[in-house]
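For reference, the structure discussed in these notes is given below.
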């Protein structure tokens, strides 16, 4: 059995969640799962339908983006995953989708304002939308640059990748991450739900205001940090 | 067998209805079922996925919010349920969800206007949206205060909890209740449908007017009160 | 076997289509099927969940609205069905739902404008929305009056019930009909789809114009009348 | 076994994908599959429910629109397919649906602007909406003219049918095509998703701008042409 079996299995299971959660059409998404001790991640092969996936079909890639094991070509977004894993040492799972509502916000090049507690249960700030890249970066190593575009957007806003586990890439679509591939998939579904609610909220009340800070703090701390009291632990 | 078996079973079955009705994503919801003779209610454990629930996993809590039986931590919203049960003696089931359309109205801090007979079949007034709490209340015993926020909102509008079995908590999400947990779940699904229809109605006709009082009265009385003639009985 | 077995079976099967087609929540809908030779129709019992229905549960009612056979109380909308059957001799199936988009148009008290060929494949005019009744009529024999409200709306617009097999009752919800219960259900699904498309069309282009008459005529005649060439026959 | 067995099977399978992908209500759609060596295509019979279809039910038609084999009447849109096959020698599959969002754009008589990479992954231009025909053409050989309406629209905009595999017919609904019937169905689903995203994008940001050309070029070339690196090959 491959020493990469654990992450192949995790990447496979996490990828299979995307169609079940209604987050992808055809092959428009990918999940990876990293093994920090081995310095690699397992990622979906490019363009393979979900019904044809198996743990064995996952491709093993290192944090420079080199394929280490696997017969198939890895996802065309592999270099974006590699850059994020290389720079964010506490991330072990990354997801990219073109989920409908999150993608519509990305196409609008707008951050998703924090309008309610569903949002505040997961992060305390607007969900950032990174500006599209310069033309030189697009024509260069595009997927590699997408990783830096994401990192730079968080840095420019003084956001930590451990607190803010989701982003919109302007004109493109969302990326999410987390301590595990499963958590990154969870974040993709949360983002899609929050994106739909924020859209509807603005339609119902165009002059809607953001959530006040005391409520943001309360809800976030219910689920995160030393005083959290949500879930079992 | 536990003397709480009936309400554990009812709470379990009612909780399992939430994902089937499309009212929750992951664990974003909870249902409780009360036994008035024993002075307790059974509620979903916090953060446990629906697929892992069982009647035995339900937590038994008294109307002060103390856990009476169960190995798991109860829902983080337990104190809100406790306050409502303590104050509303005819309520035996309570539901909290973040269902999409109802939550969008809550985020908008708007009551849902009574635009049609689907609404009037269930209540005669706009579905109230309680204003967000003061900062001191948020920083205090938040879930306890949420219960009072709901009770005070109905009181301020002269609404009876037996006639109006649903509310939006501003910036947050809906709560519904009823004589049984099953009825409270029914009310959550009705609220979500009415919320979607009201949203669409305003999009189709921005200057739409509320239903006239004769039609509200007729539809409500078809289903409620001594002259009702809907259903079997 | 009851001499009403055929229409009981047809009414049962047609009712069971409503949840499959996504046209009803809980029990918010009903279908009836008429036998002209016996002067009766079979209709869903009031408030019974779809999962508990059977052909035997259908109630047999005459065109005056009197129950002829059956242990259960018929749908609360039974008198509306009776009035329509009594007046419209070529109708053998009637459906009432609160389907989301059609109901939103009804709540808006707007006709659904004919914006495309999906609409023109089924009728050549805007789908009419009947104005709400006078207060006296509401307080009187409401369901009976709803039947007349529908008949009068078509008459006032010079529409034939054989050409226009659907209507919105203002503030309330849609009714559809047809030569069979199955066709009436088909019309309910078509209406819901056309209602959603018309809503989206106005959102995408607020100054959209109606379909031109040559295209209406062409599409309607492809499917209806002596020169039709759609389907097998 | 019929010499047309391969295209009958392909047309059958492709037709069955339409309801699975949520692109059709009842029989409102059709797919055909061509065999260039035999000069014919297999197409869905008119008005037959998807559940009653089989490979044997497919009708074989030549590129003039004459039925060659089959007991049933072919789709009422058959002449449109025939004209496109006759003129576009590299097309072997054609799909027509009334999918909800694409049809709403067609009813609005608007091209779908290229707002994001989901669109640019598939084509580099706005998805064209052909203007409605003149009245004489409508009253003449309508389905034949629809084929020419599509061809003329692409020609007027200097678009190649091998690069732009989808179109909206104004006031009507979408047509898509491709090298295989399967690819044409894929294009119909992509179009519906892009149509929904573009609608939402304009709602979220009414002054949204099109994607810049460098990003269009990058995404299109990732998936198409000699430098593509998406998928396995």
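A few comments on the model shown:
The letters A, B, C and D name the chains in turn, as written, and every chain counts its residues from 1.
The rule we apply is simple: a residue touches a chain if its C-beta (ideal position, glycine included) is under 8 Å from a C-beta of that chain, and two chains touch if they have at least 3 such contacts.
On a predicted model such as this, the values are computed, not experimentally measured, just so you know.
Counting the residue numbers used at the interface between subunit C and subunit D, under half appear in both copies, so the two copies meet with largely different residues. For the pair subunit A and subunit C, the distance between mean C-alpha positions equals 46 Å.
Subunit A and subunit B have Cα centroids lying 33 Å from one another. Across the assembly, subunit C contributes residues 203 that each touch 2 or more other chains. Chain contacts here close into one cycle, and each chain has exactly two touching partners.
By the definition given earlier, chain contacts exist for A-B, A-D, B-C, C-D. Residues 25-26, 28, 45-48, 72-73, 76, 98, 100-101, 103-110, 132-133, 135, 138-139, 142, 171-173, 199, 202-203 of subunit B are the ones that touch subunit A when the two sit in their complex. Those residues of subunit D lying in contact with subunit A across their complex are 115-118, 186, 189-190, 193, 196-198, 200-201, 203-205, 208, 211-212, 214-215, 218, 222, 229-232.
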